[in-house]
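Please read through the structure below; I'll follow up with questions.
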Amino acid sequence: MLDKNQIAQRIAKELKDGYYVNLGIGIPTLVANFIPEGITVTLQSENGLLGMGPFPLAGEEDPDLINAGKQTITTLPGSAFFDSAMSFGMIRAGKVDLTVLGAMEVSENGDIASWKIPGKMVKGMGGAMDLVASAKNIIVAMMHTNPKGESKLLKKCNLPLTGIKCVKKIVSNLAVIEVTDNGFRLLERAPGVTVEEIQNKTEGKLIVEGDIPEMIF
Amino acid sequence: MLDKNQIAQRIAKELKDGYYVNLGIGIPTLVANFIPEGITVTLQSENGLLGMGPFPLAGEEDPDLINAGKQTITTLPGSAFFDSAMSFGMIRAGKVDLTVLGAMEVSENGDIASWKIPGKMVKGMGGAMDLVASAKNIIVAMMHTNPKGESKLLKKCNLPLTGIKCVKKIVSNLAVIEVTDNGFRLLERAPGVTVEEIQNKTEGKLIVEGDIPEMIF
Amino acid sequence: MNKVFKDAGEALHDISDGKIIMLGGFGLCGIPENCIAALVKKEVKELTCISNNAGVDDFGIGLLLKKKQLKKMIASYVGENAEFERQLLTGELEVELIPQGTLATRCMASGYGMPAIFTPAGVGTEVAEGKESRVFNGKEYLMEYAFDADFALVKAWKGDTAGNLIYKETARNFNPLMAMAGKITIAEVEELVEAGQLNPNEIHTPGIYVHRIFKGSVYEKRIEQRTIRQSAH
Amino acid sequence: MNKVFKDAGEALHDISDGKIIMLGGFGLCGIPENCIAALVKKEVKELTCISNNAGVDDFGIGLLLKKKQLKKMIASYVGENAEFERQLLTGELEVELIPQGTLATRCMASGYGMPAIFTPAGVGTEVAEGKESRVFNGKEYLMEYAFDADFALVKAWKGDTAGNLIYKETARNFNPLMAMAGKITIAEVEELVEAGQLNPNEIHTPGIYVHRIFKGSVYEKRIEQRTIRQSAH
C-alpha cells in the first residue's frame, strides 16, 4: 500500500521531458518533489504562473507570489506571469500536457466528482472544472477507498460531477488503473497488494488481463 | 467651401476633454493638428497604441513605431502598447469615445461604404468594419460629391457596405449634417455655401429646419 | 481630465446600495484592500460581488460578509471562509459558484465587447443546467455571457495618472480582466507616478479602461498559506 | 527539451507544400523577415497565409506572392501590393478579406481554446454572407470561428530559451495572438537570452505557446510610410 508521497512518486514517472504540467492541491502538489533527473518539466499554476519553483526559504516569502493553493512559492528561471484568462486559455487550448488532481469519486467511464458534497461542503470548483474539461491527459491521485472503506472507483459517481469522461489514469494507494472505453483496466499493483484486494475495493468494472506487475519506483 | 484642413478643424470642435479618439486615414488624421487648447484627447491607433503623438523629427523615425496608416509616429507621455485583439477589444467594448473616418458613400439611414469598388479596387476593409460596428459616435469626414460631381450622401449606398446604421454625423466640404431617424439633418453651412447648393448636392433626404447657421471656427 | 483621486473614500463616493461590484485578487493575493475598507466604512448594502474568492473571516471580502453587506456572491472557490459557509447554508447569502476559467473569461469578454463565449468547463455537470450548449468539432461547449458590472475595483502594483497599470507577479490574476469589465473601473495602486514614468511596452492595463486611480494608504498583504522549505533542500 | 534552433532554415525544416501558415506583423512592422526569407528559399508552394497584410511588392509576404508560393491569402488589408491585386484580379490567388478585429480575435480564440467568438464587425455587409448571426441585448453579432493553423511564424524583440517573448512597441500587433494559435509556433527574435534573463512580469507571450525559437540573422525593418514633422512644429 502506498503512502501519499509514494503515490506522488509513481505519478512522477509519467512525466516526460518538455512537459507542461498542472498539479492540483494535496497529493498532486507532492509530485513536484519527484520529477525525474535529466528532464525539464514546467509547472503551471492556474492563478497565473508558468515555471513554479519550490516553497521559499523562511523570511523570503512574497505575498504577491503564490500558487493556486494560496501557498507562498518561488519561480524558476524562464518563468512567466499572466492573467487568469490567459491561464485558462492555455489550459483550454490544450497547451498543458498533463493535469494531476485529486478526486472524491471516479466512475468507470472517466467521470470525476471532486468539488461538492450536497448539504455538507460547499467550497466551489475553483479551476477544476476548466482543467478536467480541457486537459489532454488527466491523472487522478487518490485513496482507493474513503475513510469508511467504501470504494471511490465506481460504476457511476454519486456526488455532483466536476467533469465527464475525462480521467485517463488513476494512481491510488493500491493500484495504477487506466480508464478505458470498457471500464477500469488494472495496470499495476502497489507492493504487497493483491489483485483480489484491488478487485474487492473497486466497485466499477475492473478489467484484469494477464499478469499484473508490481509497481517499480 | 472647406478644404481638407478646414474639415479637420471643424471636426476637432467635436472633441471633449478626456476623449479617447480613433482617427482614420486621410482627412481624419489631420484632426490631430487641431485639438483645442486646454483639453486632453488621447489618440488610439488600432494597430496597438494609445497615446499617439506627432510624426517624428527627421532621423528619429522608429520602424517599430507606426500608426494604422503605416506612418512613422511618436508616443506621448502616458501611452501604452497592446496587441491587436485588445485593441479591437476596447473598440468593441465602446471604450473609444469618437471615431472619425472617411467614406465613399453614406446613406440617409447612416449606412457607410468605404472599402471596395467591385471590379476596380480591392484593398480590404482593414479595421473599418470593426470600428463602424462598435463605435458609440462616428463622424465621417468627406467631400460632399465625387470627382464627377455626384452626391456621396445618398438615399441608399451603391457600393458594398462597411457597416449599417452607424454614422452619426458628416462633416463635408459643404456642410455639417446629422444623421437622424428621418434622414440627413442640415446643421451648419460652410462659409459662403447656400442651403440650396447643399440641397442640390445631397441625393438623400435632407431636412432643413429654420435658419442654418454658417460654421464658426 | 483628471483620473486621480485622493483616497478610497473619494474614489468610491458614488457606490450605493444594490450595485454589482467586481473585486480583483486570487485568495488574498492582489485584492483591493483599500477599496474593501472603504466599502465597509461606507456601509453600503445589498451588494452583488463578483470575485474569485470570498476572502477569509477577518480579511478581504470576509469583512463585507461579516457586516452582511452582500446580497449575492459570484465566485469560483470560497473554501477559506467559515462565515461565508454559514450565510450560504442559512440562505442569508445568495451564491453562484462558477468555474474559475469561466469567471475569468466572462470578465475578459466584457472588456473585449464580446457578449458571450464558449467553454467546455462544466459540461455534464450542474453548472450546465439551464445553459445553452453547442458542439464544435465533436466537443461540447457551454455558452456563457459577459458580465455586466457597475464597478470594478482592482489593485495594481504601479499606476500612472493616465490610468495605466502594471501588476506584480501572481497578484495580477483577475485584476486586469476586471479592470476591463467595469462600467466604472477604480484602481488602487502601491505606487502612483506621473504619465510618462511607466514604460509603455510594459503596461498590463491601458489607461482607457481605468476611470479612477488612487494610491492605497496602507497594504497589509496578508499571506493565507505561509509555506516554506528547509534551507537544506 | 531544447526549443532553440540555429536559424530559420532549421526551424522551418518541416514546413511543406499546402500548409496553413500564420505570419505576424502589421504592414511591414514586426514581420518575421527571416522566416519569410526561408520560405522563399525552400520554395514551398500552395501555402495558405493568414496575415493582416500582404507586404509590398518586393518585401514581406510580397516576396512569396512574387514567386507564386501562395494558394490563398486571408487578410484584412492588402492595399499596398500591386502584384497581389494582379493575382487576385486574374484569379491566380484565392483571397478572403476579413475585418481586422475579427482576424485578431479569431487568432486569440484559437490560443484560448474558444471554438468561436461573436463580433458585430461586418453585420449587414458582404462579410456576413453565409455566416450565422445572433442578437444579444438588441445588437446583432456574427459568429466567427477560431483559426486552425499548422504553423505560426512570429517575430519578437527579445526571447529566451524557454520560449518566452517580449515585443517592441507597435511591432507587437498580431504577433502574440498568432504565437498562441499555431499548432507549431516558431518565433524569431532580435535578441535571444538564457531562461531567467527576462523579467517574468514583462513577458508578453509565455513560452508554453512557443515550440521553436531562433535569433534572426539580419533585420532590414523597412519603413513603409516614412513621415516626419519639421523641427519647428
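Details
Going in written order, the chains are labelled A, B, C and D, and every chain counts its residues from 1.
Basically, a contact is a pair of C-beta atoms (placed from the backbone, for glycine too) under 8 Å apart; a residue touches a chain by one contact, two chains touch by 3 or more.
Not measured: the values here are computed from a predicted model.
Of all chains, the one whose Cα centroid sits at the greatest distance from that of subunit C is B. Separating the centre of subunit A from that of subunit D, both taken as means of CA atoms, is a distance of 37 Å. Measuring from the averaged C-alpha position of subunit A to that of subunit C gives a distance of 28 Å. Between the Cα centres of subunit C and subunit D there is a gap of 33 Å.
The residues of subunit D that reach two or more other chains are 105, 112-114, 119-120, 167-169, 200-201, listed in rising order.
Residues of subunit A found to touch two or more other chains are 75, 81-82, 85, 88-89, 91-92, 134. In terms of which chains touch, the assembly is arranged in some other way, matching none of the line, ring, star or all-to-all patterns. Listed by chain label, the pairs that touch are A-C, A-D, B-C, B-D, C-D.
Within the complex formed with subunit A, the residues of subunit D that make contact are 1, 110-114, 160-162, 164, 180, 194-196, 200-201, 203, 206-209.
Interface of subunit D with subunit B (complex): residues 26-30, 52, 75-80, 85, 88-89, 95, 97-105, 107-108, 119-127, 157, 167-177, 204, 221-229, 231, 233. Against subunit D, the residues of subunit A that register as touching in their complex are 17-18, 20, 39-40, 42, 44, 50-51, 75-82, 85-86, 88-96, 134.
Interface residues of subunit A, counted against subunit C in their complex, comprise 45-49, 54-58, 60-67, 69-73, 75, 81-85, 87-89, 91-92, 111, 122-130, 133-134, 160-165.
Residues of subunit D that touch subunit C in their complex: 105, 112-120, 136-137, 139, 141, 145, 166-169, 200-202.
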